[in-house]
Each structure stands twice: as C-alpha cells, then as structure tokens.
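Please see the structure below; I have some questions.
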Amino acid sequence: MKRLKLAVFSLTSCDGCQVVLLQAFKQLLQLERYIEISHFPLLKDKNKRGPFDISIVEGSVVNKRDIKKIKQIRKKSKILIALGTCATHGGVQAVKNFMPQDKVVHAVYPPGFIKDATEVSGIGRHVKVDYEIWGCPPVAEDIVKLLKKLMVGQKPKNINEEPVCVECRALGHECLLEKGILCLGPITHKGCNAICISAGRGCYGCRGFLNEGNVKQLLKKLTEMGYSIGQIEDILSVYMSNSKKVKRVIEYGENY
Amino acid sequence: MNPYVPKAVEIIERHRETDDTVSYKIKWNPKHKPGQILEASYPLIGEAPFGFASFSEDYVELLIRSVGNVTNTLASLKKGDKIWVRGPYGNGFPMKEMEGNDVCLIAGGTGIVPVKAALEYIIKNRNRYGNVKVFFGFRSPKQLIFKRYFKNWEKDVELYVSVDRGDKTWKGHVGVVTTMLDNISFEPKSFAIICGPPVMIKFAAEKMLNKGLNESRIFVSLERLMHCGIGKCGHCMVRNVFICKDGPVFPYSIAKDLED
Amino acid sequence: MGRIINLDHIAKIEGHAALYIKVDKGEVKDVKMKVTEGARFFEGIVLDNEPESVPDIVSRICGFCSQIHQITGLKAIERALGIEVSDYVWNLREIIVLASVIQSHALHLLFFVLPDYFGFESAIAMAKKQPDYIKKALEIKMLSDNICRTIGGRAIHTLTPRVGGMSRFPTRKEAKHLISSLEKARETAIWMAELFDSLNYPNFARDRLYLALHDGKSYPFLRGNVVSSEGQSFEVHEYEDYISEALVRDSTAKKAFFRQKPYMVGALARLTINRDKISKEAKALLSQLKHTIPSDSPYMNNVAQAVENVHLIDKCIELLEQVDGREEEIKKPERREGRGIAITEAPRGVLIHDYAINGRRVERARIITPTVQNLHSLELDIKAYLPEILHMKEEKIKLELEKMIRAYDPCISCSAHFLKLVWQ
Amino acid sequence: MPYLLRDLKAFLKTLIKEHIVIAPVKEKNHYDYKVLESEDEFHLDYVNTLYPPKKFLLPYEENLLLFSKRDGEFSAKPLLNKTKRVLFGVRPCDVHGIAVMDRVFLSGNYVDSFYESRRKNTIIIAIECEKAGENCYCESFGTYKVESGYDLLLTPVDDGFIVRVGSDEGKKLINELFEETDRDEHKYPKSKTFKKEKLAKMEKYFHDELWKTEAEKCLSCAACTIACPTCTCFTIEDEVQDPETGYRKRRWASCQLKDFTEVAGGMTFRKETYKKLRHFAYHKLYWSIKQYGLRMCIGCGRCIDTCPVNINIFDIVNRLGEE
C-alpha cells in the first residue's frame, strides 16, 4: 500500500482544531505506516510543499491572503477536508458579517489599518471541499475515523448530517426545550454526543447549521417559551450567521 | 444461519461495459429467480444491493455502475479477486405465471440487469413462451451494456435497441426506448416486464396499458435505498411493502399506488 | 553590506508569525516580530451581544488556552453585572484553568521545545526515536483533557462555566478518580522538570522586568493585584494607568508597555514573583535544580513551566479534595449595566479582559493577551542576542532564533511555515 | 399457580447478585432504564420511562461483523452479544413493544441473529401499572394487559406483588421469597383512547390536509422515532480499524431524517416533512397490520411526551376528516 501524504494547514482560527489533532496524535502515529505527515507547521520545521493526497484545513477565510492560500492548497490536494466550524461555516468570527463593519474593526484597530479584510466564510465558499468535519472544536475520533476510511479507499458519507437531538435522545436526556431552556439541538449537526446537554446547558450550535433544520418553527417555539427575538438572534448569530435560512431570521427578526 | 454474514466468492470474468459500468461473472450458484436481488460488499468498504444479471446454474453475473462508495470499490476489482455476497433476496418475476404467453421486456440503462436474467431464463425454456419482444434503451451508443450478447439473443427473440442520442456509427433506432413501442402491436394477454428509471417505468407502463395489456400483467422492478435486503432495516419501506422483501418486482396494479 | 534576515514563518509555535531582521555592517539595525494571523476582531464581535454569551465567544480567541479566556471573560462579565458566585464555583473554575495550564506547558515543552534541544526536526520524528518522551507528554495532556472534560464538559472550549455559576457540578466519585490520576502524574511532572533542568541553554541574559499576579497568600491565577519584579503594584481596576498598548505596522497584534517599559509575563515571571507560594514538593524540587530562579535568561521560562507543573498538580489535588458533589443554582444578575475588569494568569502570563455593559448589550470590550505583552521584550532579547550569533551559519542562526522565540512560548495562531533567511 | 412476593427489595437483591439487572432509575425529572448497582436505586413510583428499554436489545450503535485479514484473505466473524441480563420493571405496554420488535426481527424468512442473541439472553420481569400517564393510550389497544412475552409478571397489591410465571426461565427465579397463592388480581388503569372508526379507515385520510398543517410545526428532530419502542430502523456502515481489520456496524436510523430515503444525485423519495410524519403514523397504526398482523403502536404516548413542539399523532388521527 502506498503511503498517503497528509498535510495540515491553518487559515484564521483559534488553532483549537490543531489542538484536537494533537489529542489524536497517538492514533496518527499509529497510522504512520499508511499515512505520512508531510506538512504540519505547528509540529514540524521541515514542511513539504506538496502535492498531497489529503489536506486538512482548519480556520476560516477572513482576508484576501486566506483566499489565495486556500486556492493554492486546493490545487495541490487530491482530497480536501475542512476541519472545524471555522473551515466549514466561518466560525465565531463570522458574526462580524452581520455587524456594521466600521464598528467591529474600529473596536480593535484605527481606520485604515486593516486593508484586505473580506467577508468571513468557510473555505467551501472559495473551493470545492470533499469532506467536512464539524465542531468547534471538532471531535478527535471523527478525524481519525475519516482518515482510516480514506486510507482504504472508502468514499464515506457524512453520518452527522442529523440533528444533535438524535444523540441527545439516544443518551436518554430529557429535552431542555420542555424545561424552558434554549437549545439549538434541532438545527445543529450531531456528532458531539450532545455534550452541551450532558453538561447541563443548551446546545449553542457550535457544529454549524443543519440544512434541514426548521429554524422558523424553532424560533416560534423559543418565543413561546419566553425568549425575545433579540436573544435568539444573538445566539443564532454566533455560529450560524453564514447559513441562508438563519441569515433571514437575523435580518428580518420578527417579520421572518 | 446468520443472514448478515456474506460469503466470499471469486471473480472469474471481468468486462468493462461502459465508462462507468463493469460486469463480473462470479463463482457462485445460489438457487435464484430472475428479478431477485443480492447484497454485494467489500470488507471495510460497505455493502449495496444489486440485481442478478444472469440466469445460470454455474455462475452469477453482476453489473456494477460506479456512483459512490461501495460501487467504486466493487467496480475496481480484478479477475481472481473476491467479492462478498449474500442472497438471493426478494420475489423475482413470476416466470411460471407467464408461461404460454407472449412476453414483452423493456429496459432502460442499468435496468437491463434483471431483464437480462429474465431473458436468459426464457431462452433456456424457450418453448414455454410465445412471442418474445425485447426493447432496450440506452443514452448513447457508448452506453450500450452487454452488447456482446445481443447477436445470440436475436436468434431466439425479437430484439430492439435504441439510443437517446445517436452518433456516426449508430444505424439503429434513435429516441427514448418507449418510442420503439409505438408501431408495434401486442397480444392483450401478453405479459410485460419493465425496468429502469422511475419516469421511464411510468411512461412505458402507460403505453402498454394503452396497448390493452392488463395492469396486473405488467411487472416492474423498483429501486429504493436499502441496507439489509431482508426487510429489517426499514429504509426501503413504502406504505406496507418492503421493496427488498415483498419486491423488488411488483405488478403495476400495485406499483402505481406506492405513494410515499 | 547590509543583510536582512527574514523568518517568514516561525514553525512550532501557536500562531502565524514572522520575524524580520536588518543587519548593517555587523550591526543589528532593526528587529521586528510580525504577526501575520488574519484579524478576527474579538473586541468588535462581542459588541452588541448578550453579555451571557461573551465567555463562549472569547473562549475561541485561542484553542491552546481557551479555558482561561473563557473564565477571565466570565469573571469580568460577572463583575459588570454584579454577580458574586460562591467560592465553591470558583474552585471548580480554577481546577479547569490549572489543568489547562498543565496541558499547555506540557505540550509546549515536549512537543515544541524538546525536539530543538535533542536535534529532532519535530515531535513526530522524535516520537520514532524517543517514544517515551512523547508518551509522557501525551499522558499529561490526556490527564488535563480528562480534568477539563469532567469538570468543564469538554477538553477545550469548556461548557459548564456559565455567567452566574456552573451548569453542571462534578460528583465526588469523579473528583476522586481525577485525584488518583493526578497523584500518578506527579512523578512524570518531576521527571520533566529534571529533564528541562538538565538541558544546556544558550548562555544569554538581559536585565528585564517581570509582571505577575500576586495576592500574598497563594500562587494566584485568578485573583490578586499585578506586581512587578521591581516592586511596583497596581490593582485590577487601575490597569489602564499602568499598561499601554501600541499598534505595530503590518501586524495584527499590538505591543504593550508597563509605564513605558517593556516587560515579560508568564511562568518565569510568576515563579520569580511568587516562588515562596509554590507547593512543598515543587519547592523541594526547585531547590535541587542546577538552574536558579529568579534569572535574567528568557530560557529559564522553560524550566519555570516545568516546575510550575509540579505545583499545579498539587494545587489541583488540593482543590479537588474539596469537591463534595454539591450543586448550586445559577445566579441571576443583580443589574444590567456596569463595567467589569478581570486580570488573570493565562499559561503564558497576565491576561486582561475589560467590558462595559449596558442593558442586554456589550458596549465596549478590551482584551490584552500575554503574547502581546511579551512581544516587545522578545524583540529586545533578539536584538541583544543576535550580535553573539551572527558569525554562525544560516541554519544555526535560524535555530538559535527559534529557540529563543519558543522559550517565550508565544501563542499567535498561525499557518503555513517554512523558515527563510534572506541575506543582503 | 400465581405466587405472592412480599419483599420486592429482597428479591431484587438476589437478582442483582446473579445478573446484570436493568431497571428504571430516577434522573432529575424523569426515569430511564439503567444498570442497577443496588436494589435501593429502584423505586416503584414511575408511571413509565421517558425512553423505552429497546436500546438494550438494539443498541444505538452495534458492531455486527468483524473483518480481519489473514494470509491476504479477509474473513467475516459475526459478533453476537450473549450477556445474560434482566430487564426489570418493564411496563405491560413495553412488553408489547418488545413483542413487536420480536415480530420484526425474528419472524419472516430471516431471523436477525444479533437481535436474537440479545433477546434470548434477556429475562423480562414486568410490573403492571397502578395509574396511567397523561399521554397513555394503552386503553385503545389493550396493551395495559399482557398474557405472554414476560418471564415474570408482577401485579402490585397491598401486601406485596402477585407474581405470574411466563416461562421456564421465569420459573427458575422463584425462590423462598415467593409463596404460592390463588389470588388472581390485576391492575388495569384507565387511559385515553383513539377513535376506533378513524383508525379503521385511515387509508381514506391519507391525503387529508391535516397532515400538512400539523407537519409545519415539525422540527424533524427524530425524537419521536427514538422514543418509540417499536421504531427499529437502522443503517449499516463499515468502520475501519486499520487496512486489515474493521467492523460492519449498524446504527439507528429514522424515517424523520433526510438521508433515510436519499439516493444517487441527492434524490429523496420522502422529502416533504408531512410525508415523513404521515409515514410514521401510518406505519405504526395502519400498515403494520398488513405487514405483521399487529399494530406497531403500543399506546405508550412517548412520541407525544418527547415531541418538543407537541405534535400528537393520536390527536391528529382523532381529528382526521373533521376539518
């Protein structure tokens, strides 16, 4: 079996996804015989330039440099994996898209200091992505599982294209919505094993918006529970501002 | 017997049929009927349902179109490799019931799979059936599947082949498969078997109804996402039927009402 | 003939950074550490948000030290809203923070620093030849992950710390379990400290100012005043009078000054200022080491991190002993406006979060991270050290500079890295 | 001949000593089946659990086959779970639920060996209900009453429990704590009912507008199918350990989720939410009669209890054709 060349790239993010990769370090080392880590600047001095069989990219696109970089990565990668909610959906920093730009930027830098900023997005906006691993942070096992599948030639489907509720219920939790607690589980990709609910709080959507999600009805349910549209918008905007359905909620508020 | 445990069998012949399909002859001889299905898999990759593409006591033929995970890997096997199978499952065509009558076989694209099995059964028992007309439709001359058998079949049955779009080399009929049916008359007592994409099934069945065939004598083979093949996993359930177990063959009288 | 040393990307640190050096006739003219990380505007994106969701957002500033950002944010927001949570809640939060510091130190030391001194290109290469070191680093990492997971719900970007309390409380059984694994890890931590004490560090020292939290009672991470190694001190709410930030051209990070002076924060600063407050075991260990602290060598930050870990393990055990399985309700805010400032110790040093809240909204936010505070001091160290190594081969200079940078454990969040030296 | 059991705790204690005992345990606000560590964890004050015991017979995820390569050839080994377990405190409706699972997995031309193995090694001790829950519909189907499908059946009475033996396995559990009795009491609490005439004529209402209007609320969260004791659909997938070993495994699937009927090119047979909701209702209440000769719905009301937006198929069926 030919050893696959693996690269890890990072655009703009908190690097938490790479910390997760370190959680999987042992398993990655065990795959040494089949997968060679040929580019991983967080860990290595001598990084190859490609081409690569598999590239894992974490981080979102926030400026023109990122766009250029992701296009280059795509060119030299056979399989491109977007790792983490920054890379798949834009991450928390995408909230900025919905705020007056000047206000956001000037809270940190003086006018004119940042020049090449673009809209914040996942990498899928600019290049074709073969696989998405959701989560902020993602789950280490998901990465290892996917790599193992790719290693033997599988073209796996994403099994997490289902709501968090599925895992939450399978674990035997009582639904928080019944207890008056805000939870975005029904419109968020599963795969985290409903850890927020296990940790006693509602899901805040860190694994990104599930396309089938019925935002409209969830919104209705939450307002019936006593949450204001503003409150719901705030929490929706943190991770879901890049999805069309949620965008409409944020833009139109009550008139959605 | 654990129904989920597949059996490894050897590939004894491999043919590339079209750009995205290959056919295999495999060393396996389960007792089966035309129209039945099987589950084929490869360890660590996955499993998918396929039709029996042949009727023989010595081997089984499979046709595999690469569309995704399982089919890509299965289509890349070589002669001598093992493929993992279990089955047969499903009901199959009522070949006995059709005896003594004219039969019309209509297939589009990979729908040829079960039809070929039925055809081989008929040829093997040629004297038990009346006039047999076979209509195959493909998208283009390059998409012809099992072409190498055509000559032989023509000795026993009337074979009509058309393509949706022809090219310089194509001398036969051009147009969707159902257009070939227009100028041909059928004995109203005839049986028909139709396989192909859902739209094609609908049009062909309506045509045959117009030609006076009874809807309970028109048999169609349906496809649904399925995982277990034995009526447990639930994916292929439509109304009260499991396509895998109660089908995949249904008389049109039932199939037409299988609304989700 | 002038030349420019150009480290476009510095590998094995957390973040994207580059280093530009201008040398003229053997004289170092300019040293610039440049952060090339894309801007994420955290102080901007929390504006107009509900204060309650701020801790979860600011946690995403850094994946290596998410816990301290989250809890510092929490503390500042709670101050602004007039919420006082119980000591029990603070103990739990502190356990999370301390565990994350342990992990951050262990990863930094064994994954980034050690390969340099052992002559390996990376931890991956080292893992093949010296699997033991990597195994031990991963052991400590897993332990810390487990603590954060048990108390915080998740290893990074923890979930249970909420404004007003905790959304889930650990059971006594869970705490006991963690204590026993911490007991086992102490030995590894001591081994690590001795290992890092045994390395030969470059012979370089420069007079410097250290800044750390100090409360006179403990080795504080979440409370106390800020104290300098020269004895000045200020209270949390006075920070703006003492610490100022300046922007750096072509860089998305800023530089900080303490009353116009550059300074250093982090493990070395903490140990310099609070060394009499570390645990018994850590004290005993420190007294046996061949290197001494305080020290003017930035490399001693490595040793300080390793010693700190021994103390942190003891401290974690002490705090976990107090976990009795009780649960408390989340407290509701008393008011809906106000300003809240919190200063804490992140793994890499002093961290400041400052928010102004009005009604349901955050009106103003300011965050000063340890790396920003260290950047200036790092540049000065490089400037001072360069003349001593200029005679060396390019490769060697590169490595020496990287060793120095890594000793600071900068956390920048970065991307593609290959080191390029351009001579002019 | 029934028995009288006076000391349930003592009986549980002996059970726990010898078996893995799974019984309803109180969580913060609900009950869930858990492995009992001590008899004191069990309290008889539950109406029913929020989720059924089905996960102990069909786990959320389960390895079916182990593939391993030796001398260049793969072999497939089925992984049968043979752990002996006792399901304790199962309510009569759930005994019926397990009977439905038995029908799905054990009847027909193929027996599901993985389910069979778990089922054969599970002892069921049922306890009749003293009162019905808010959304219990067992009255409609008579599922408050069980005549078979249990190893022991307990009826709570003032001085303990009347115990009936349903199998040889059950007989073996009878010990000195049980005394023979000829008392023949049962507890059959009253609950809500369906409109029988609607149920019988469901076919007629297949195109009723109500399906569409009700489905608008649906979040497609699949809570209903996960909570349903007779929802047993699954998806099979291969997982890789290394290039030489791996598992063929199955995981729960739900007809309320998109990929349930999705095929090549993104075509989904049952895409619209109302069709999915309707499929669920018809499968449980109507089509199953033709399929298995029984109704899959046992009237436990869990799909109603769990639905976060209060979709109630019982109420929908009762209202069919009325608007």
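Residue numbering begins at 1 within each chain, and the chains themselves are lettered A, B, C and D in the order written.
Just so it is clear, contacts are C-beta pairs under 8 Å (C-beta built on N, C-alpha and C of every residue); 3 or more make two chains touch, one makes a residue touch a chain.
Only a predicted model underlies this, so the values are computations on that prediction, with no experimental measurement involved.
Visitor: Which chain pair shares more contacting C-beta pairs: A-B, or A-C?
Guide: Between A-B and A-C, the larger count of C-beta pairs in contact belongs to A-C.
Visitor: What whole-number Å value describes the gap between the mean CA coordinates of chain A and chain B?
Guide: Whole-Å distance between the two chain centres: 43.
Visitor: Provide the C-alpha centroid distance between chain A and chain C, rounded to the nearest whole angstrom.
Guide: So the centroids are 25 Å from each other.
Visitor: In whole angstrom, how far does the Cα centroid of chain C sit from the Cα centroid of chain D?
Guide: Taking the mean C-alpha position of each chain, the two centres sit 51 Å apart.
Visitor: Can you check how far apart chain A and chain D are, centre to centre, with Cα atoms defining each centre and the answer in Å?
Guide: Here chain A and chain D have centroids separated by 36 Å.
Visitor: Of all the residues in chain D, which ones touch at least 2 other chains?
Guide: Expected reply: 235, 237-238, 240, 243, 246.
Visitor: Can you pull out the residues of chain C that are in contact with at least two other chains?
Guide: Chain C, residues with two or more chain partners: not present.
Visitor: Using the touch rule from the top of the page, what residues of chain B touch 2 or more other chains?
Guide: 44-46, 68
Visitor: Dump the list of chain pairs that touch, please.
Guide: Here the touching pairs of chains are A-B, A-C, A-D, B-D.
Visitor: Chain A touches which residues of chain C in the complex?
Guide: Within the complex, chain C touches chain A at residues 9, 11-12, 14-16, 37-45, 47-50, 53, 56-57, 60-64, 66, 107, 111, 121-124, 127-128, 134, 138, 141, 145, 152-157, 159-160, 162, 166-168, 247, 252, 360, 364-365, 402, 413-419.
Visitor: Chain C touches which residues of chain A in the complex?
Guide: Spelled out, the residues of chain A in touch with chain C are 9-20, 22-23, 25-26, 29, 32, 37, 40-47, 59, 62-63, 65-66, 69, 91-93, 95-96, 99, 103-110, 113-114, 117, 136-137, 195-196, 198-201, 204, 206, 230-231, 234-235, 238.
Visitor: Under the stated contact criterion, what part of chain B meets chain A in this complex?
Guide: Interface residues on the chain B side: 44-46, 68-69, 72-73.
Visitor: Note which residues of chain D are touching chain A in the complex, please.
Guide: Chain D residues touching chain A: 27-30, 32-33, 50-51, 55, 60, 216-223, 226-227, 235, 237-243, 246, 251-252, 254, 257-259, 273, 306, 308-309.
Visitor: Can you list the chain A residues touching chain B in their complex?
Guide: 152-157
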